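Below, chain A partners chain B and then partners chain C, in two separate complexes.
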Partner chain A sequence: MGTATLEAPAVDAAVARRRRRKYGGIHAWLFALPALAVYLIFLVYPALSSLWFSFTDWDGLSPTYNVVGLENYINMPKDPVVIQALINNIIWTVITIVFPVVIGLALAILLNGKVRGKPVLRLIFYTPAVLPLVAIASIWGWLYNPDYGAINSFLRLIGLGSLAQPWLGQDSTALAAVMVPAIWLRVGFPMLLYLAALQGISQDMYEAATVDGATKSQQFWHITMPSLRPAHYIVLALSLIDSFKVFDLIYAMTYGGPGTATQVMGTWMYFNVFQYYQAGYGTAIAVVITIIAIAVSIPYVRSQTKEHAV
Partner chain B sequence: MSSSAEVAPVATLPDAHVAPSDELSREPKRKGGIGITIVLTLVALLWLSPLVLLVTTALRPLSDFVANGALSWPQEWTLQNFADAWGVGNFATTYRNSLFLLILKVPLGVLISAMLAFALAKLRLRFGTAIMFAVFLGLTIPIYITIVPVFVLLRSFGAIDSIPGLVGPYLAFGIPFEVLVLQSFFRQLPDELIEAAKMDGAGPWRIFFTLILPLSTPALVTVFILDAVATWNEFLFALILLSSDANKTIPVGLLNFQGQFSNNNTGLAAGILIAVVPILIAYIFLQRWIVGGLTAGATKG
Partner chain C sequence: MTGTYTRRGFIGLSAAAVAAGLAACTGGGTAPAPAGQGGTSAPASNNLRVFTYEDTTTIDLFKEQIAKFDAQAGTTTTVDNLPGSGAAVYPDKLRTELLGGRGPDVWRIWGGQIGAPFVTAKQALDLTPYYQKFGWDSKINTDAIGGMTFEGVKAGVPFIARGIGAWYNQALFEKAGISGEPASYAELEEANEKLLAAGTTPLATGGKYGWHIMRLYEYLLETSAGPELHDKLLKGEESWDRPEVVTAFTNFKKWQDKKWIPEGALGLDPSDIEPEYVQGKTAYTITGQWTEVQAIQAAKKDSADFGVFQLPTDHTPLRYSGFVEGYMINARSGNPDKSAELIDFIVQPDTQKALKVTSSTVAGAEPDPKELPLSYEWSQGPAKQPFYTIQDQAFPKKVADQYFSIQSDLLQGKITPEEAAKQMQDAVSAWAKG
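Moving on, here comes the complex of A and B:
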């Protein structure tokens, strides 16, 4: 309101009114306040304080700690488990995105054809996604049981008993074994999104292409795939955000083991903080993975904001 | 997604144009397609097979399971496993706690998120774009980066190991998704309605409660359900912030139970079912809201 003093009171009032109309004023803030306060207190502030703890040698229990600067970050590349966890995180992210997206797309294309019982089929494929991850871990831990589990029983039943093995109990198979339930539960989401997107594609395009003599595969690559571009973007962005955060399934299924075979950054952070009392180092691990997660998803967040901004 | 199933486990909806009915199932009926139908049915059976095995195992005596193996059809049927699992798993307590948390958290979360969404969509909140960006960024933040400070914070309030203590962090991690969906729904409501209400002398609160919220019932229901699923399934906060058995929620209780019952396959299966059956039933009845909400963004293209 710096200019207001130079103008007549009537103009001043008009400016104030216009300004109030432009922004919502005090009422807008009253509406925004409760959610913003909760968000700041329980998400923004803790995230920033973790950043602070990552520069200290705090054990998580003592009332005092020393600031050690970047020491935790410098130690990280020397920690073989961090390297392994990071590699596992990357493998996890790639596999639990590629397989669900490809399978989900295939199911969506099939479901979009002439199929009976579509609502029931769709319901079934999305079902695992609504279960608690701990329950999914329990179910699959039970299927993988070396002695009584259904998977080894099945192998023995079809005469491949020699392939029966302790899937979760050995380094060579543990990570793959934990990724299978992740794929199982994550196929439903891309399937739903692709199915919705496919139904938005006009049939006229296919008819025109058929008239022009385009083969089914040409139609797929030149009509279907380009039309699905927005869906690809959303599916990939959301899957990436989700995959990076992996914790529950691995914690509940293998506890990072055997040894450190299935450690990911999330679980290794947990072990450092709550088992080894190295809260400073643990939070530094969390900071690294969070920064990566934010960096890869900023384009998505920005596009969402831009789309909705006035 | 879950992670899927994390609070984040529930997948996020990119843009909301939430319709009360499920557009996907309302398309013209087409006949035929026997071949594809058979293929998809087989895949669907494979997809369901872990849950089917869980049911057949839970309904047979342990001796029958051990003698005939996981893949055999039960020779005898029993409900005893459920009775055993219910007691050992402390499910009466964990159910009560999860339900209490749900009732405490979800309505409050939807209300405050709707208020913020209204401020962003219709009240031209100052710095609205920056606030929106900061809130949406919350979708990408993993819970574990906040866990140590949240623990310290709650301990200083004396709110560790209590269900109400979980409400704050749960609300914070639910807000980004709920605001994303609701503000984009509110944005589609015509401004003329609000202007007309203003002419009649209604203030922003009356407009919000008597106009905006009733008009947005479909979006509110979708957000409510998805948030309820995420809250019911959340694991990490509950694992770290709750310590006594009397305060555990279903996912943490199930993890303990899994450890105790690892040698009793039929009891374990019954316990897992006890933990998941309510959410499966809710999913079957409410699926059109869930599917409609999740796919709203993609249909809009």
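Moving on, here comes the complex of A and C:
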């Protein structure tokens, strides 16, 4: 017993040292405090605030509201626009990830090779990504004008006038028509990331593979693609989150229409909160969007955690 | 966000609410609003802020008048402007300002269901004492005041009573061989055929946002249903599932199928399409007097080359679609007295004239016949007729959007006129039941 009492402080000190080493001690928290405060005030607090309002019938303006429990969430599946918006979100997410990623990768490989005017081409391909979305929406809105827009005019010019459509004015084409500028502006981001990753792949591997008789295709699938794995994770995770919370292009180009044909969860949330004075219901939609975005990000976070653990 | 809660208290409340909600899936009682509410007891400030949506052609005139007011009232007034946003966007911005901070002292807003939520939420001040103080009841058109009275509360001061009519390009009408303005619905259809034959799309209208193409449908409904039934339909007092409504939807589809409206009209932005009658690309549009300043004169065109007529409904009284716009005072304004003084200044006939208000509610502020001949013509003719409430002010936004969605489905051939009438009845009755 006597030994134990003498050894206990030494054991406690060792545990404390280990903890400090692991968690950084008080100093680390002090350094993190400003960022943590900003995070809590501008992210955690509004998020909790939204969560709270999603359990109320607040109209977004009045001084009072009632707590309605899960009513807003229960009503959501009964709302046909929510179902339509969710389907549109899924379509949007798949299309605006697959096309920009594939095209971005292709352009990155092209620009990583021996091509003339590489800096200019990089600039051209990346420029749409830095343009204001409202400007892009206006430009494409004019291009799609059924009467004097460039797209229909071109189709008529080459004798394909029968293909001219009121692109944004009918349910059958409106969503696809908005996805085209989305793809156009989003190609630059994966292109840049892939280009950076490609430049990090050692040329020795390609030379060795060539010596071993590997074809270009084999080199691509067995050297390039595996080496790009970290870049794939980043591109896919960020694109996924970005795609799911789409709002601005749809709002500016179609306003969710015709009718509700191009409504997505983000715009429908906005309509409910800001236009229909149903802030409780709208924030419930926002909470669902957040949960889905978190859920789809889990594989990325887990993969990153595993890599860091190794 | 909070005025009365601390963050910790709020988070605690949130956790409790989540727990209670999850446990019971129901609730009750009330809680204080998240935005800072209630009047402030701070000393009156002479710094005022006005939020408005003047067009780029009139904002300078407005600022000039505000400067004049400041000089005489000893105030410093800031003007925030959101031009061209329309009723689909502007109220959102206003609401965000009110929730995000104190908001403007005075704001411009439409009447009817667009202005109503600000009064219901007690964001707008009851102006009854100021009506008495400044004698607005005797200076301003009584019907217009009614448009900004919400469940008995005079919460707005209307300065504009707009009327919607057909504004047309005379050269295109002449080219099509149309000798006079259509005096009946049949004559209007005939004029459309002539214009089309002459290679001109008759009506410039755009369906993005819904409210612009709605102007055509509401006219067709007034024509098929007549004034009394139309009013009852707007209030949900009569069923929409009836032949008159079906006729209006049938005609609406006809206007598209006959190509009397632009191809793909549903996707067109009103701000792009409406001025096309001035540019000579389409023959006419359905709009109000503001178009004389904002479209005709802004394009450096002569008003004499254009005309305006009231859309013929074949009914007596011959009514047109109309709405009011006015000013409200923030219930949390730092100086409601000066704010009311500012509004009183704006509704003076001289100020209204200086602002080139083409459809003032104030007696003695009619548009100048030399400067604005077409607006003057409207003010002396159709403006003296009764009007029906424009439909996007007659319905709350959610119902209006359902209505626009039905119109959209109809024009795309997804539903029949009969189905459209039934769907309208479902939407309106759900709202009318509360």
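Here is the rule we go by: the second predicted complex is superposed on the first by the 258 of 310 C-alpha atoms of A that agree within 3 Å, B and C clash if a C-alpha of one lies under 4 Å from a C-alpha of the other, contacts with A are read in each partner's own complex, and residues count from 1 in each chain.
The working rule: a contact is a pair of C-beta atoms (placed from the backbone, for glycine too) under 8 Å apart; a residue touches a chain by one contact, two chains touch by 3 or more.
Keep in mind that what you see is a predicted model, and the values were worked out from it rather than measured.
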Does the chain A-based superposition show chain B and chain C clashing or fitting?
clash
According to the stated criteria, A:Val301 is in contact with first (chain B), second (chain C), both, or neither; which is it?
first
Regarding the shared-chain residue A:Gly60, is it in contact with chain B (first), chain C (second), both, or neither?
both
Output check: A:Trp92 vs chain B and chain C. Expected answer is one of first, second, both, neither. What do you get?
neither
Hey, is it chain B or chain C that touches more of chain A?
B
Examine A:Asn145 and indicate which partner it touches, taking first as chain B and second as chain C; both and neither are also allowed.
both
Looking at A:Tyr45, would you say it contacts chain B, chain C, both, or neither? Reply first, second, both or neither.
both
Counting only touches as set out at the top, which of chain B and chain C does A:Tyr281 meet: first, second, both, neither?
neither
Classify the contacts of A:Ile241 with the two partner chains as first (chain B alone), second (chain C alone), both, or neither.
first
Is A:Thr260 touching anything from chain B or chain C once the two structures are fitted on A? First, second, both or neither.
second
Candidates 98-106, 152-160 or 224-232 of chain B: the single one with C-alpha clashes against chain C:
152-160
From the superposed pair, tell me which chain A residues show up as contacts to chain B and also as contacts to chain C.
45-46, 49, 53, 60, 141-142, 145, 274
Chain A residues touching chain B in their complex are 22-24, 27-29, 31-32, 34-36, 38-39, 41-47, 49-50, 53, 60, 107, 110-111, 113-143, 145, 148-150, 153-154, 157, 182, 184-187, 189, 192-197, 199-200, 230-231, 234, 237-239, 241-249, 251-252, 266, 269-270, 273-274, 279, 282-283, 286-287, 289-290, 293-294, 297-298, 301-302, 304-305, 307-310
So in the complex, which bits of chain C are touching chain A?
1, 7, 10-11, 13-14, 17-18, 20-22, 24-35, 37-38, 88, 91-92, 95-96, 98-99, 117-118, 120-123, 207-210, 262-269, 272, 396-398, 401, 404-406, 408-409, 412, 414
Of all residues in chain A, which touch chain C in the complex?
45-46, 48-49, 51-53, 55-56, 58-71, 74, 141-142, 144-147, 165-171, 174, 254-255, 257-261, 271, 274-278
Any idea which chain B residues touch chain A in the complex?
1-6, 8-9, 11-12, 14-15, 23-25, 27, 30-33, 36-37, 39-41, 43-44, 47-48, 50-51, 53-54, 65-66, 69-71, 112-113, 115-116, 118-121, 123-126, 128-129, 131-150, 152-153, 168-169, 171-173, 175-176, 179-180, 183-184, 187, 203-205, 208, 229, 232-233, 235-236, 239-240, 250-252, 254-255, 258, 265, 268-269, 271-272, 275-276, 279-280, 283-284, 287, 290-291, 294-295, 297-299, 301
